[in-house]
Every structure is written in structure tokens, then in C-alpha cells.
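In what comes next, chain A is part of two complexes: it sits with chain B in the first one and with chain C in the second one.
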Partner chain A sequence: MFASCSDPSALEGFAWLMCYLTSGTHLLFYASFGTVLLLLAITAPIALLFGFGGAMASRSRIAPLRWLGKTYTAMVRGVPDIIFFLFVPIALDQGLEWLRHQALCDSSQPVWQGNDFVVCAAAKLPLSTSPEWVHQTYGFATAVVAFAVVFGAFAANVLYGAMQAVPRAQLETAEAYGMSPRQVTRRVLIPQMWSYAIPGLSNLWMILIKATPLLFLLGVEDIVYWARELGGTKTNAFTYPHPDWRLYYFLAILVFYLLMTWGSEKIIGRLTGRLSRGQATLAGEAMRKTGGA
Partner chain B sequence: MSCAQTFSDYALRSIGFGERLLPRSDFDLCQQFVLIGSGLIWNVYFGILALFIGFFIANAVALAKASANPWLRKPANGFIFLFRGSPLFIQFFLAYEALVLLPRAGIEIFGMTVATSWLTKAWAGALIVLILNTAAYSAQIFHGALQSVPKGDLEAADAYGMTGWKRFRRIVWPTMLRLAWPAYTNEAIFLFHATTLVFFSSFPAFQQRGDSLYYASYFADKTFNPFVAYPIVAGYFILLTLLLISVFGIVNRRLNRHLPGAVTGRMKYRPQLIR
Partner chain C sequence: MKKLMLAAAALALTSGMALSQDVVRMGTEGAYPPYNFVNDSTGEVDGFERELGDELCKRAELNCTWVKNDWDSIIPNLVSANYDTIMAGMNINEERKQVIQFTQPYTPAMPSAYAALAADADIEGGVVSAQTSTIQAGHVAESGATLLEFATPDETVAAVRNGEADAVFADKDYLAPLVEQSNGELVWVDGHDTVPLGEGIGMGLRQSDAELKDKFDAAITAMKDDGSLNELIKKWFGEDAMLFE
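Let's look at the complex of A and B:
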């Protein structure tokens, strides 16, 4: 990066370290922290949406829709999330390739031949001719779907509970004012639900943060990948030879996550305070009595 | 190959008995069921031992966190923050890298050589991480329960002249456990689910002796078919979860047996997502 770094073997001490930490691969390592943040930023709203759909479906008056919602929310209870993270991307990939195979190829050929999953070249996803970044984006997208499915089911659980927790009297009051069921949902149920949902959702956010290193298992070049890659022993054949430094790289990642969860806790604390304002709950009452906030 | 033959070959494969080579082609359903079930031994091993040892540490840490003495409180808070604030996956990697750095030959202490190489094996290294992890989460749960022990119970204990250890042993601790139990059940389920991570972090599966998910992903990789192996391991885990809930339910009934109307109440699994 810097001009002085052109010959690292001549450098010593601090100068060497500065050059080492700004090498090209290290810049990719720093960028991969962005990958994690991007995953969080994309997954959280999608999972919330999934969860909202799941919770609404579980409350539906149409039986098949209700069963669908209940099955979806029950799905993640007994099964480790890691299984979903391994299963969903492959299943999604094969499902899409199978659909494209039916549409684009000679579909008389079976897709499973012995122990191989074979589709014709035109049905491959992404196409083998496409550039590297398309492959990476595709891998990242399937990971996002996997995270959204799992955390959507968690969120559906939380939101369903929160909707049930809204005092019945409030909904009845809205009905007494002549609101239709749809209006009751939109004007009373959903706005009132949040203060009950916040503890569960904030917990979920913490779990989501702590699930992000699992991206590594999905083959995305994330922080764990780079930590292993960069930290491993480098012989003199490399520009920057060093012994096994993986411990320090993982320590850096640990600190990153501790900061993330610590910061999140602070922000959630404020948010809880805001949403408790004027609510008929213990926290809301305490706030009313002190006359503060 | 008959299913009974497969069973005798592979039922204990994950702990090193039976056939050495894993099946390489012509995978049938029986093989997948047996091998993945065999891997479940490791999940149960990690889960039960971590839960058992972690329980005692968690009690101590919860008490330390509730202590008025800052020399006890601060370290307990730090321990809980460290293990609850970072991903288990990273803790596994970090622990492995740290344990690998220990000298191969062992450490000399007072002229005795203490072997260290066993610490890098999954059965010990990963178990230690799981113990500390579940201890931190459980300590947080126990501490919360300790804070909500009813004032009336303590006053009643005072009225009976109970103090110190006796009061703790007979009033505070059972009440704390009773209040914490539903959340602790949840934590136990999460812990059992977390055991599937062990062989996906750095810890090597020596001679391909892995846990259930290790074998499931082996099959999924070899057959390019995720629709068989993963549902099998998922099914096993649902059974394991149900078993865990019923065992914890029995304890819960015992803890609540003195309360009016508690006998009939069956414990249902409501994931509250405490972690």
C-alpha cells in the first residue's frame, strides 16, 4: 500500500508490522468485517418480515394457512440451527437448478445420476462462465436466505407471543369503536405489540450477531476464513513470513464481537425505554410516576 | 449388506469400534440412519457432561455475581460477559488455537511433566469450551432467579431462625432453582444443539469419529443429496429434544411439588430464546 513497503524483508519492527497489516490480503480481511455487517443489515429486516408473515399466518382464521404458520414456527424448536444453515443453501441451489433444468435442458435426463446431481451447463447456477463476483454474491445470497428462514421462524415465535400478549381489552375497545378486524390489526394490535416484542426481538438480534461466524461453514469468505488464511504459519517463501498467529487473529474477532454485543445492549436499553413510555406495564408505570423521560 | 450387519459394523463407529472404513458408495438408508445415530453418542456425551459440570460452576458464578464483594462480583461479571458476548464458534476456534500452542512435550511443574496434547482433542478441548459457555449462560439465568426470590420467603426463614448456609441450602437455593428451571431447560436444549458445532470448528475428527452432523454432512457431500441425511439428523435431534424436555419436566415437577396446584401442570416447551 505504501511506497516504503515495496521490500518488506528489509523492514524491522513497527514499520514491518504497519506494512504487514496494510497488505492486500489484510485489506480483504478488513472488508470481510463489512460482509458480516452487510449480512446483519440484510438479514434482520428480511427475517423480521418472515417472522411477521409467520406470526400473522399462525393467527389466521383460514385453517391451512394457520397450519402452515404453526409448522413454520415449530420447525426450528427441536432442530439445531446449524442443520438449517447447512441444508437450506444446498437445497435452494438444487431446487433452482432443477427448475432451470426442466425449463432449459433436455428434461428427459434424470437430475440424479447415481451419486451425482447433474444438470446441463445452461442450467448451472451461477453459470460457469460468469465472473468470480457473481459466484460470491450467489453464495452470499443463499446464506442470507438460510439465515432469514431460521431467524424468521424464531421471530415468528416472538411476534406471535407478543400479539397474544396485547391486552384483550384494548382490542375490544377498538371493536367497540366500530373498527373492522383489519383496522383493529393495523391500528391497535401491531402498534401495541412492539413493547411486548422488544425483549424477545433484542434477544434474537444478539443470537443473530453470534450466528454470523457460521457464514464460514457456507463457504463465504468471511472473517473466520481470512483469520485462518492469514494467521496460519507463513514460511520464507511468503512476503511476510511469520509463525502461527491464528490465535491473535481470533482474539481480534472475539473483541469485534464483544464490542458488537456490548454496543447492541446499550442501544436496546434505550429503545426499551422509549417503547415503554405510556404503556400499561411495570416499566411504563414506573416512568409515569417519576414523570421523567 | 443387511441392515443388521450394517448396525453391528457402524453402530459404535463414532467411538472407534466396528468397521474402520466409512461406506464410500452405494449408500442406503440403513447406513445413514445407523452412522448418524452413532454420531449422536458424541452429542449426548458433550451435552450431558457440559451440562452437569457447568451446573456447579454456574451456581458458584451466579452467587459471585450476586455478592456484595467487588473482588467476587467483577470477575463473575467479566466471565459472563466474555462467554455470552461472543459466538461459541469463535470460542471453539480460539480455544483450539490457544491449546495447540501449548508445548507438545508437556509442561514441567515441580519436576513433574504434565501432558498437554490431550487438550487439543475434541473430547477434552471442546468439552471445556462447552462447560464454560453453558456455565456463563446458566449463571446469568440463575442470577436472575436469585434476584427474584420472594422477600416473604426470606422473612419466613428469618422468623424460623435460619441463617447463613442453612437458609441458603433450604430456602434460597431451592427457590432459585425452581424459578430458573424453565429458562434453564431452554438453555439445556440450546446446549445440546450447540454440540453439533464441535467438529465444524477447528477440532479434528480423529479417524473420522465425529458427531451426528459430521456424518450427515459426510453423506450429503458424497451423495450431493441434502434431502436424506439432514432430515435424518433433524429427526434424531427432535427426539433428543423431546427426551430432554421430559427429563427436565420431571425435575420441574419435583421442584414445584410443594406449591398448590402445581402437580397437574405439565411443563410445555415454550422456546423463550434466552440465549
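Let's look at the complex of A and C:
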């Protein structure tokens, strides 16, 4: 990055460290923090959407829809996360490639040839000709789907519980005003349930933050990958040789995750306060007595 | 979910219309210097196999790009066509040949070696570390020692340094710089610093990819004949390295 870094073997102490910390691989390491944050930013809303869909389906009056919702939550919650994380991206990738193979290629060619899963060049996903960032984005997207499916199932259960917890009296009042069942759901049930859902959802958020190192398992080069890669012993084959420094790298990641969860707790605390205001719950009642925060 | 799948499928269909030319994706581990590693000043794949692979692609008139993949899943991901070749210091052996095919070897049978904190380390009754699913791990398992497996080569050496394992067993060319630059901390185990193992390192390909294999085989033969392969081996493994006749 700096001109003085062209020959790091001549440098010492602080100057060497500055060059080391701005080397090509370190820039990739810093960028991978962005990958983790991006994963959180994209996955959380999608998972919430999945959860909302699952909860609504589980409450539906149409039996098949209800079965679908219940099956989704029961199945995904009952299978170890890691199995899903390994299964979903592979199944998704091969499923899509198979579909494309049927549509774009000579479909008389078998996809499975012995051990090999081979689709024609035009059906590859992404195409072999695509630049590397397309491959990485694709890998990242399948990871997002896997995370969303798993965390969506947990969110569905939390939201379902929260919807059941809204006092019947409130819904009855809405009905007495002449609102239709859909209006009751939209105007009363959903706004009121958040206060009950927040503790469960905040738990999920914390678990989601802590689950991001699983990206490494999916072949996405995340912070854990780079910490292990950069921290390992480097011989003179490298520009910046050093002994085993994995301890320091993992320490940095540890601090990063602690900061993330600490910050989240602060924000969730405020959100809980905001949502408890005026509620017929213990927290809401306490606020009313103290004059409200 | 269903809508998302349909949308993704539709997107994929339209984007797939572009004509695809021959791009060969070369898979490697990127953690096994000097064979393959990530150059720390550029962030790119570097090493003996990078240079050799680029030269082979040039001779075979192929357009190649490099992809990193964990050692653990490097064969499954080749078989499911995430990339087209493996050049990752992978020794040719029977077990692997059942799943993938290899080109002719591009190195002679490189020796393996035991390194430890003391030259008299017990490698037959003690704990020996090796990387998962390597021929070295197989060898240790048969030797009577307790095998301690790790996902990356770096961890196998770290295990010796922190006393978890009595010795590490790996390709000699991988261990040599580590031993030389450890200021005497790591030493070769007496009488076990050159253990012949394997049939040489080859490029792995899918069994259904006969055409690509022929192209690379021809390029390797050409490089053997004009001596450029030996030059490359000397450059990366030193003057004393084993060469092709």
C-alpha cells in the first residue's frame, strides 16, 4: 500500500508492522469483516420474513397451509444446523444446475456420470466464464438462503408464540368495533405481538451473530478463514515471515464478536423499552408507574 | 421460498444464454508452501503449482483461473464441478483414482519426512500429526503410532510445537523451510528424514473429463522433454530437489 513497503525484509519494528497490516491478504481480511456484517444485514430480514410466513401459515385456517407451516418449523428445528448448512447450498446448487441442464442442454446426456455431477457448460452456475466475484457472490447467496431457512424456522416459532400471547380481550375489543378477521390481524394482532416476540427474536439475533463463523464451513472466506490463514506460521517463502500468531488473530475476532453482541444488547434494550410502552404487561405497567421512559 | 426459487431459476436461465468459452477453473488449497500458498503482498495464489499450472495452460491454449478450496472438500467439489482440476500437492494413489483421474505426475515421487522437537522422537509408539486424508496420514495409521489429524498442514506443525504431538509427518519439501527457519526448535527425526512415499504428484481431474486430461498430459510431456519442468522444480525446491531423468 505504501511505497516504502516494496522491500519489507529491510524494515523493522513499527514500519514493518504497518506494512504487514496493510498487505494484500490483510486487506482481504478486513474486507471479510464486511462480508460478515453484510451476511447479518441481509439474512436477518429474510429470516424474519420466512419466520413471519411460517407463523402465519401455522395459524392459517386452510389445513394444507397449516401443515406446511408446522412441518417447516418442526423439520428445520429438529435437524442439526450444520447438517442444514451443508445440505442446503449443495442441494440448491445441484438442483438449479439440473434444471438449467434440462432447459439449456441436450438433456439426453446424463447428469450423473459415475462419481461426477456434470452439466453442460451453458448450464453451469455460475458460468465458468464468469469473473471470480460472481462465483463468490453466488456462494454467499446460497449461504444466505441456508441461514435464512434455518433461522426462519426458529423465528416462525417465536412469532407464532407471540401471536398466541396477545391477550384475547384486545382482539375481542377490535372485533366488537366491527373489524373483519383480517383487519384484526393487521391492525391489532401484529402490532401488539412484537412486545412478546422481542425476547425470543433478540435471542435468535445473538445466535445468528455467533453462527456467522459457519460461513467458513460453506467455503466463504470469512474472518475465521483469514485469521487461521494469516495467523499460521509463515516461512521465508512469504513477504512477511512470522511465527505462529493465530492466538492474536483469534483474539481480535473474539473482541469483534463481543463488541457486536454488546452493541446489539444495547439496541435491543432500547427497542424492548419502546415496545413495552403502554402494554398491559409487567414491563409496561412498571413504566407507567415511573412515568415512562 | 417457492417464489424465490422461481425467481432465481428465471434469473439463472436468462443469464445462462451468454455463450461460454473454455475457461478452466484450477482448484488448489493455497496453504501448502512452496507448492501452493496465498502471496501475502498480493492476496493471489502463488507457488510452484501456480507457476506450473499457468505454463501448462499457456501451452495447452486454455484460459485458466485459480480457485481456493479447503483440502477436506477438495475432491468432492471437483466431482460436483465447482472447478475443473486440482493442483494441490496431491499424490497419485489408488484410493483417489477410484474417484478422480490423474494426469501423469508433474513431480517425481517426492519424499516425506518426520520432523519433531527432538531427533530421537518416538515415531512408532508416540503421537504423530498429519493432515487429514493425505497419504502421510495413511502411512502414520499403518506405522503403529497414534495418528493425530488436522484440517490444515499449518496446524500439524503447530501441534508439534505446542507438545500435542511428538512428531509431524508431511512432504519433506513442505517441512524443510519450517525446520531450517525454526532456529533449531524443529529437527528431522534421525533416520526418518527421507521416507519415499507415493507415486509423484499429479493433476486431478473428473473421470468424465478425458479431453482435458489429454491436453494437460501433452503439455506436461512437452515440459518434461524441453527441461522446463526440471527448471521449475529447481526454482521452487532448491538445487538438490529430485528431478525427472
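Keep in mind that, in the parts below, the second predicted complex is superposed on the first by the 293 of 293 C-alpha atoms of A that agree within 3 Å, B and C clash if a C-alpha of one lies under 4 Å from a C-alpha of the other, contacts with A are read in each partner's own complex, and residues count from 1 in each chain.
The rule is short, and it goes like this: contacts are C-beta pairs under 8 Å (C-beta built on N, C-alpha and C of every residue); 3 or more make two chains touch, one makes a residue touch a chain.
Just so you know, these numbers come straight off a predicted model, no measurement behind them.
In the superposition on chain A, A:R246 makes contact with both chain B and chain C.
In the superposed pair of complexes, A:G232 makes contact with chain C only, with no contact to chain B.
By the document's definition of touching, neither partner reaches A:I198: not chain B, not chain C.
By the touch criterion stated above, A:Q94 is placed in contact with chain B and with chain C alike. Of the two partner chains, chain B is the only one that A:V158 touches; chain C does not reach it. By the touch criterion defined above, A:A146 reaches neither chain B nor chain C.
Within the superposed three-chain model, A:T212 lies in touch with chain B and out of touch with chain C [touch as defined at top].
Of the two partner chains placed around the shared chain by superposition, chain C is the only one that A:A103 touches, whereas chain B remains out of contact. When both complexes are overlaid on chain A, the residue A:S128 reaches chain C alone and has no touch with chain B.
Counting contacts by the rule stated earlier, residues 90, 94, 115-117, 228, 244, 246 of chain A appear in both its interface with chain B and its interface with chain C.
Chain B meets chain A in the complex at residues 25, 27, 81-82, 84-91, 93-94, 97-98, 100-101, 192-194, 196-197, 200, 213, 216-217, 220, 222-227, 230, 233-234, 237-238, 240-242, 269, 271-275. Within the complex formed with chain A, the residues of chain C that make contact are 1, 4, 8-9, 12-13, 15-16, 18-25, 30-31, 33-34, 37-44, 47, 65, 67-70, 73, 77, 79-81, 84, 99-100, 152, 154-155, 157-158, 161, 177-178, 181, 206-209.
Across the complex, chain A meets chain C through its residues 5, 8, 23-28, 50, 53, 90, 93-94, 96-97, 99-100, 103-104, 113-119, 121-125, 127-129, 132, 135, 145, 149, 219, 221, 228-230, 232-241, 244, 246. Within the complex formed with chain B, the residues of chain A that make contact are 77-83, 86-87, 90-91, 94, 112, 115-117, 154, 157-158, 200, 203-204, 206-207, 209-214, 216-217, 224, 227-228, 231, 244, 246-247, 250-251, 253-254, 257-258, 261-262.
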